[in-house]
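Shared between the two complexes below is chain A, which has chain B as its partner in the first and chain C in the second.
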Partner chain A sequence: MTNEITPEYKKAVLTVLYQLADDDYLFSYRGSEWLGLAPHIEEDVAFSSITQDTMGHAKLYYTLLEELGEGSADSLAQLRPKEERCNSLLVERPNGEGYYKEAPNYDWGYAVARNYIYTTAKKAKIDALKASSYAPIREVAVKISTELYYHQMHWTTWFTQLCTATEESRSRMMKALQEVIKDAGDLLSFGKSVKHITACELIESEVAIKERWLAIVTPTFEAVEIAIPVLPDPIINGRDGQHTDDLTSAIETMSEVYRSDLAASW
Partner chain B sequence: MSVVTQLSEQELQEQFEARIAAGEKIEVDDWMPEEYRLALIKLISMHGISEIMGALPEKEWVPKAPTLYRKLGIMAKVQDEMGHGQLLLRVAEDLLKPYGKNRGDLMIDLFEGRLKFHNVFHMETKSWGDAGLIGWLVDGSAIISQTNMLGSSYGPYARALQRICAEEVFHAQHGEAIIMALVEGTPEQRALVQDALNRWWESLLFFFGPASKDTTGTSKQDITIKYKIRVQTNEELRQSFLSKYIPRIQSIGLTVPDPTLHFDEAQNKWIYQEPNWEIFKKIQRNEGPCSQERLALRRSSYENNAWVREALTALVN
Partner chain C sequence: MATTGLHEAHIYEVLDAVKDPEIDTVSIIDLGMIERVQVNDGHIRIEVLPTFSGCPALTIIQQNIKKAVEQLDGVREVSVVFINHPTWTSDRVTEKGREGLKKFGIAPPPRFLKEDGSWHVDCPYCGSTYVTLENIFGPTACRSILYCKSCKNPFEAMKIISTSM
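And then the complex of A and B:
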C-alpha cells in the first residue's frame, strides 16, 4: 500500500500526522513547564519522564512527516505559524497564571484532569491507529502503546485518588474537570477533512473512537462516582487551524533559540 | 548514667573508629557517633536538595532547547537530577529518623534558610550557551566532587553516589555535545559559549568551596575527611578540575577569563586569581543573584500543592 500512494491519500496521511504530532508536541511543552513544581519529588521524576516520552512521540510523527517531504522535523515543530497548527485547544491552554520562569501559579488539579482526559483520548486514538491502512502509522502506534500504558495508569491513579481523597480535593477536581471538558470539543475531532481521512481508512471514525474513549473512562468515572462527561461541540476547532493566542506565545518560547539562527546547526 | 554504660559507649566509639580505619562501610542501623550522623545529615541533605534546586536553572532552558533532539536530551538530564535528589533525600531521611524529622522538615529548613543549596545554583542563566556550559563544566565539577566520596565510609551514600556518578558522566557528555555544536558553529554561537564561560568562571572556582575555613570562617571538610566520608580537600578537587578542564577549554579555542592563570611546575599546581569570597559568603546567606527567586519558585509550588499533600495523607490514613 505504501509503495505507491496517490496525492489524495498522501494528503489524508499528512493531515492525520500533523494532528498527532502537534498534539503531543504541545502537551509535552505544557508538561515541561511543570518541571520542578510538582507536588512531590517522586512525581516530578514520573511527570518529567512522561513529558519526555511524549516529546519522543511528537518526534516520531514529525520524522514521518519529514520522510514524506514536508521539511525537516525541527522546522515543522518549531516554525509553523499558529494557523498551520493542528493541535487541539486543550493542549494549548496554559497551566495556569504566570510564566513558567516567574511566579507560575499552576493548579495540580487542572494538570491531573487535563492529563487524564488527554491521555485517555490519546489511548483511544492509538488503539484505533493500530489498524491504519498506512503501515508507518501502524508501527508508530505500536511503539507508543507500550509507553502510553504507563502514562494512562499514572494519570488514572492520580485522577482517582484526588477525586476521592478529601472533600476539598474532590471539589477541586470537579471544577478542574469542568474546565478541561469545556475545551475538549476538538480533542477527538479530525476537523473538516474527517470524511477523507476515514475513507482512506487511516483511522476509525470519530464515532468509533469516541466509543473507545468512553469504554476506557467509564470504569474510572463509575469508581469515583462522577457522571461521565459529555464532550461538547468544539468552541473552535484546532484541527482546522483555529487557535488562541496562548498557542502563539507557546510557539515563541519553544522556538526562541532555534529561530535565533535558522541556518545554524544546534 | 552508670559506669557500665559509659564504658560501653566508649567501646562503641572505639569500635566505630576501628571500622572506619579498616575501610568498613557503616550502615543506617549501625551505631554511630552523633558527630558523624550530623555531618552526614548536613552533607547529604544539602546534596539532595541541591539536586532539586539545581533542576531550576536548567529547567529555564528545557522548553527552549533548540531542536527535538536537544529537547529530549535536556529533559532526560533534568529528570535524572530530580531522581538524584529523590535518592539522596531518602538516604538523608533514614539518618534523620532518630530526630523525628522527615523530608517535609527539610523543605521547611530550606525555605527558612537553615538548609543551604549549592552555591552554583544561585546563579542566573542567560542563554542556551549557559545550558551547555552547566552540563559540561558544572556537571564535570560535580563528577569530580562526587567521585571524591564514592568510597565514603557511609554505605548508603556511597551506593547512591555510584549510580549518580554513572548518570553524571552522561550529563557531562550531553553538555559537551551542546558546547561542541556551538563552538563549531557560527561566530555568534561561539560567542555565546565564551560569554557563558566568562560569566560562570567565578562560580566554577566557588564550586569546590574555600580552601580552608580561614577563607570564609567555616568549612566542614576537616570532619568529613576525618571520618573518611571524603578523601581530598576542596583545593585538591579544584586543582583536579583545572587539570582536567583547562586543556579542554583551551583546545576548543575558548579563553579562560583570568590572565594570571598558569600551571606552576615548581609548586606542581595551578595558580589562579582568587574569586571574590565575599560574594561566595553572600550566596551562602541566600543573597546570590537568583537565590530568592529560586527559593520563591520552590516555596510557591510547596504552598500551591498543600491541598494535594493533605489529600494524599488522607488516603494513607
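And then the complex of A and C:
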C-alpha cells in the first residue's frame, strides 16, 4: 500500500492527516463539553451522537498516522503538546465563559454558528479528499461522508431556524456568526506546506476548496437573507502550530485520565 | 498436526455465532461486516468493515471474533483487521439481519432512497406506515428514534447509510 511513497510525499501525507485529525479531535472535545447542557433532551442526544461520530473520524485519521509509523493513535491524540497540533483556531476556542462542570455560560447561538461553519468546511474538504492521490485518505473520506451527511443536515436546520425565528434569535445569530468568522481564517488553510500538499495532489488548492465551501453555504445564506461571510486572513495559523492557551487547557483536560496511567488498557 | 481440514466455511459458521454486543439477535455476518476470510495453514485473517466510525462496540466485536475463531481446531493464529474499503453501507444488512433487528424492536434500515433522497420506515412491532421521526440521532450512533402512531410504541430504526447521500 505504501511501498512506493517517497519521503517528500510521505511528509505531505502526514501534514494533511495531522490537520484533519486534530480538527475533528478538538471539535469533538468542544462538543463533549456541551453534554447535558443542550436546550432540550432530543438535542442533547443528537449533539452527543454527532460528537461521538466526530471522535470516530479523528480516530480514523490518527490510525492512518499510526500505520505510517507516527506512534499509537491514542498517544497522538492525547499526548502531543500545543506546538505540534495542527487544528484550526476555530475549534480550540472555548464554548464560552465558565467551565462545563460549574456555571457554564455557553451560548447556543455560538455553538450552532460554529458547528454550521465547521461542518460545511469539513464537507468541502471531505468531498475534495475523495479524489486524493493517497488511497487510504480517499477511503476514509468516503466513509466519513456517509455520516457527515446527517451532521450537515442537522446544523443547517438549526442555523436556518435560529437565523429566521425571532428578531432576538436573528440578532444573536448575526453576532455569533461574526465571532465564528473572526476565528475562521485558517479553517480552509493548509498552512505553509500548502504548495507541497497540492503538488502531491493530496487535496485540491485552497481556492478550489473555498469555492466548494461557497457552493455549499450559498443556498442557506440566501434562504436566511444574510450576506455570505468573507473568511478573513488568519490571525494566527493553527496549521503551522500557532495556537492560544485555550488549546493547552483543552488538551490537559482531555488527556487527564489517559496520562494518569499510560499502561492501562481502557 | 493436520490443519488441512480447516476451510473458510468453518470460519463463517463460527462468525455467524458472534453477535452484535448490543443486539443479540443479529450476527456480524447478518450486519454485512465481514468482507473477507483467508485461511492459510492455520493462519486466519479476517477483514471486517467498521459500521459507524465512533461505535464503541467495534473493539469488543474485534476481540469476540478473535476469541471465537481461536476455539477452532487447527487454528494457529487469528488476525482481525478493520478495513475502510469498501465502506460499510446499510444495504449490506442481510435478510436474516433485517428479521433479527425487528425481533429486537429495531426497524431495519430503509432499503430505498426516493428520487428526492427521502426514505421511509415501518413500525417493527405492528408494521404500520403511520410513524413519525422524533430524532434522526438516537441512543447509539447507528439508530434513529421514531414513534408509531398506530400501536403507540416508541421504537428505534437503524439509520440508512449510503455512499450516494
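By our rule, the second predicted complex is superposed on the first by the 263 of 266 C-alpha atoms of A that agree within 3 Å, B and C clash if a C-alpha of one lies under 4 Å from a C-alpha of the other, contacts with A are read in each partner's own complex, and residues count from 1 in each chain.
The rule we apply is simple: a residue touches a chain if its C-beta (ideal position, glycine included) is under 8 Å from a C-beta of that chain, and two chains touch if they have at least 3 such contacts.
Quick caveat, the model's predicted, so the values are computed rather than measured.
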First, second, both or neither for A:Q242, with chain B first and chain C second: neither
Touched partner set for A:T198, first chain B, second chain C, both or neither: neither
First (chain B), second (chain C), both or neither touched by A:I144: second
First, second, both or neither for A:K101, with chain B first and chain C second: first
Touched partner set for A:S133, first chain B, second chain C, both or neither: neither
Chain B versus chain C as contact partner of A:A77, first or second or both or neither: first
Partner chain(s) touched by A:L162 [first = chain B, second = chain C, both, neither]: first
Touching partner for A:G36 - first (chain B), second (chain C), both, neither: first
Contact breadth on chain A, by residue count: chain C or chain B: B
Contact residues common to both interfaces of chain A (with chain B and with chain C): 42, 45, 49, 52, 55-56, 59
Residues of chain A that touch chain C when the two form their complex: 42, 45-46, 49-50, 52-57, 59-60, 135-136, 139-140, 142-147, 149-150, 153-154
Contact set on chain B toward chain A in their complex: 52, 55-56, 59-72, 75-76, 78-79, 82-83, 85-86, 89, 103, 128, 181-182, 184-186, 188-189, 293, 296-298, 300-301, 304-305, 307-312, 314-315
In the complex, chain A residues that touch chain B: 29, 32-33, 35-42, 44-45, 48-49, 51-52, 55-56, 58-59, 62, 73-74, 77, 100-108, 161-162, 164-166, 168-169, 172, 253-254, 256-258, 261, 263-266
Partner chain A, residues of chain C touching it in the complex: 50, 52-55, 84-85, 87-89, 134-141, 145, 159, 161-163, 165
